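One structure, pasted below without further comment.
Chain naming follows the written order as A, B, C and D, and within any one chain the residues start at number 1.
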Amino acid sequence: MLSELKSEFASLAPLAVIETDYKVKGYHLDVEVGPDRVVDAAELLDRLGFFLEAITGVDWLGKNPVGNQPDPVSVNEQDPEAAEAEGEAGSDAPADKMEVVYDYNRTDGVLCRVVVRCRLDRAKPELPTVSRLIPGADWHERETHDFFGIIFTGHHDLSPLLLPEDADFHPLRKDFKA
Amino acid sequence: MGKESLQSAIIKFAPLDKLLDLGRANSLWPMTFGLACCAIEMMATGASRFDLARFGAEVFRPSPRQCDVMIVAGTISKKMAPAVQTLYDQMPEPKWVIAMGNCAISGGPFVFEGQYGIVEGADKLFPVDVFIPGCPPRPEALIEGILELEEKVTGHRRWPRVEAV
Amino acid sequence: MNDLARSPNQETFVLNLGPQHPATHGVLRVKLTMDGEYIVDAEPVLGYVHRMHEKMGENRTWVQFMPNTARLDYLGALSYNHGYVKVVEQAMGLEVPERAEYLRVITVELNRIASHLLWFGAFVLDLGGFTPLLYAFDDREHILDLLESVTGSRLTFCYYRFGGLCNDVDDDFLTGTRAFIKRLRKRLPDYHNLVTKNIILINRLKDVGVLSAEMCRKYGATGPVLRGSGVDYDVRKNEPYSVYPELDFEVPVYSEGDSMARYMVRMDEIDQCLRIVEQALDKLPEGPVMAEKVPKILKPAAGDYYGAVEAARGTFGIRIVSDGTNIPYRMKLRSPTFSNLSLYGEASRGLLLPDALALMGSLDLVIPEIDR
Amino acid sequence: MTLTEPWRVLAFLVGIIAFVALNAAYLVWLERKVAGHIQGRIGPKEVGPFGLLQPLADGIKLMSKQLLVPKGVDPLLFKVAPLLVLVPAVMSFVTIPFGENLVARNIDIGLLMIFAFASVNVMGLLLGGWGSNNKYAVISAARAVSQNVAYEIPMLITVVTMIMLTSTMNLNEMVIQQGGGILNWHFFANPLMPFAFLIFFVCALAETNRAPFDLGEAESELIAGFHTEYSGMGFGVFFMGEYANIIIGCSLAVILFLGGWQSPFEFLSDQGLWGVFWFLAKVYFLIFCVMWIRWTYPRTTLWGLLNLSWKILIPISLLILLLTGAMIKVWPLITGAS
């Protein structure tokens, strides 16, 4: 399954495809793609019988994104900060990032969890919606928009889901003050 | 303004008031209205082991128009607050409110610096008669709360109070 | 939809179900567009009991977040406890003593039974039968007694610790659990006689609210909802954790996809839970219940970790992002009913109001877990 | 009975109202007790001995409660509706024979009168629901009406069968015909009668909006149905009307099928107060069954309910009518009896 997936993903020009230690990480494959490839990745996984378990965001204000610690082989040149030592506020780091994480899983007995992540510019967090393809993504995207203000272009209704109807704040941003 | 002796009234309302109070205290119909965890304990109080019916208080009415007491059982979020307020307003007088659980008392465990979502206590919205602490309070605590409310209405206690040793 | 029953001029009106409504089991609001009693469109509105769990996760230490997991899904709190300790132990590489794992399984399965019992009662209450609720509560009280004796609370348990349990059980708990298994096995046939075989109930549930397996996949539905649609997926089997691989149990699957199938899945699961508890009691080893080398201050290595467990309502997933400090950087809680409910809009289209409420009941909603 | 006419009327008026009020109150108490014992609880017990003062407390509470007339309702319909439910129910008691001589007005068309009043009852529900200006109440009212219309038909067909059998519409005469022990009750008149009784009983349940046909107030669907917006005594009057209707339904079933005030065995007296005793004993037994059913079964849906009526009960009741007619008219011809 994993090798098949890897070769499938190769066609999407991913920024990183990393096999992870399931025992520690809880997932098998960590894929990073650009915002323009999120829908393609969803389509690919949907075609292979995966289902979308959750979508969430992570706000990396003033920090270097940690998460996928790439092995040296697959380090991508477009993604230098991921290879840096994690946990330290990069003083000379480039613009802050906002990350969107998609968790995919299977129900047919094959144990394979895939994480697709997409890092966005924090100043302008926009990426296309996958809710047209996977209706279950609708609410997850709305929730992510609620919490982080990430805009899913093409989503039919990004009005607050969990927050009050008139909420104009995004509480899980790290610079949020009540 | 000294002491003036008033003529005793022809119709005495005080005994009638007492009767009304007795009637009201013994027939406290709560609203079917659960907000969060405490609602389950509220249901448990109405169920077989604890049996709120003994005090005539098991008639959970789903319509606020027919309730006497609102048991605020759970966290009031800011989104929910207008609805809770409306429900309170829709209840006919005389009405009472029991704040069940820490969330309804003060926001409970969900209060932290920078919280953006909850109302810190039901008494921020409307007057509360009885507070029942706990997270969630045991059914016995809710029964004690009902007895406490009865005492508040009639002025005397149904069962002897159990003192902590 | 029956064409005759539709009003000729397609006149619709909006009915607000909730946020305070007896059928929503809490503070869910469903905006129904109705044509007579037929539902043209249903839009659940969430967030009425949004309690900021994910924000709180970023504000307190790893240990301090523990009680929050109990307040997510208050009916199956131990599953959530388990999910959380599991992912942190995974990140820290902590070894949990075997006895602790067995006790986790025993308590979590007891909790699952309690949750299913309450659902059973509340579901029949939705259908207008009041008495089964009280019977279910009666049995549930026995479980709560047992769990209270070890965990100290009746509802919002906080029993597991990173690396084990907060305290060991005594003999009373073990004998009490065995007695309870015997008792519930005797009571279950009564439930089936009173409720499952009732012709009114069968008529109301058969072929109502059919969810296809494909629809469940598209919406990410899990748990009994998915298993009622014929998909054999249970995290305990498919992604074995704890000591589940050593226990012999079946995952009930029904392929009809209607409300009756979901009902039967849960009722059969009670049976299976009893089997699991019984076996776990037999196999319960002696030993410590807490790992020895658990650091006082937890600092999982930077990175993100994902863990999933089978909660009473489906797959509870938890994604933690650590930046190497003693405070989580991000805590994502993937609640099963959130996804299960998201298919409600599509599934309820064209149903009658009572059938739509039966469908909602059969999804087994716990609102604070959806809103988080 | 030596009372002069005006006094007689007054006595019965007071008596009936007291009977209805007392029964409504104590049937609620009984219902709560029965429900409690079915569910493994105790039920009301703290207010007075055995909780006997509970209805009194509830009554005082309801009467002293604020009467809300919400904004947006039709004030006239809203206020009239509870009365439209209660008054016809009370009026129906006029022709009910409690004992051999204990009947307010022994009208020859008593049965017809009761059904005339019973159909006013549904107007109360409709107007209450409509006047409340509440969507749940309107849905509930619509349900109640379609349910009542559907169930009045098999009920009336069954009643016509009984009229054919007894050739009278006078309730007291019907009872007198059933004298002489349990086997003379109409329930055993011919093999079809148990079915007719069952149909009548089911229809009576549906007419009174009781579980499993309580679609009108379906708590988990429609909050509280047509009386969602009623507070205090408005709600209390609806409740009294509901229980009065249950008593009427059960009384009719007893009169038509179970021998009214006749004692089940000839050696037991049914004179004077004994007649009242037998009558009430039978009625309360049926009421107990009604409660028993309520606390056992889940609710049907509207479709199931209407299907039951139109597709099952009406054809069967017509068949019973036909067969009974045949038995009455054809059987004597064959056997040669006059």
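Everything below uses one rule, namely that a residue touches a chain if its C-beta (ideal position, glycine included) is under 8 Å from a C-beta of that chain, and two chains touch if they have at least 3 such contacts.
On a predicted model such as this, the values are computed, not experimentally measured, just so you know.
Set side by side, the interfaces C-D and A-B show unequal numbers of C-beta pairs in contact, with more at C-D. Farthest chain from chain D, judged by C-alpha centroids: A. Mean C-alpha positions place chain C and chain D at a centre distance of 44 Å. Our note on geometry: chain A versus chain B, Cα centroid distance of 47 Å, whole angstroms. If you average the Cα atoms of chain B and of chain D, the two centres end up 37 Å apart.
Put simply, the C-alpha centre of chain A and that of chain C have 27 angstrom between them. In chain C, the residues touching two or more other chains are 21-22, 47, 50, 52, 55, 134-135, 138, 371. Of all residues in chain B, those that touch two or more other chains are 47-48, 62, 79, 113-117.
Taken residue by residue, chain A touches two or more other chains at 163-164, 171, whereas all remaining positions touch fewer. Contact between chains, as defined at the top, is found for A-B, A-C, B-C, B-D, C-D. Those residues of chain D that touch chain C in the shared complex are 35, 38-41, 135-136, 139, 211-212, 214, 218-221, 223, 295-304.
Residues 19-22, 25-27, 47-52, 55-56, 59-60, 67-68, 71, 74-75, 118, 133-135, 137-138, 140-141, 154-156, 367-368, 371 of chain C touch chain B in their complex. If you check the complex, the residues on chain B that touch chain D are 19-20, 22-27, 47-48, 51, 53-56, 58, 61-63, 65-66, 68, 90, 92-94, 158. Residue ranges of chain D in contact with chain B, taken from their complex: 32, 36, 39-47, 51, 53-54, 56-62, 64-68, 70, 219, 223-224, 227-232, 235. Contacts from chain B toward chain C in the complex involve residues 31-37, 39-41, 43-44, 47-49, 62, 64, 74-75, 77, 79-80, 83, 87, 109-110, 112-118, 135-136, 138.
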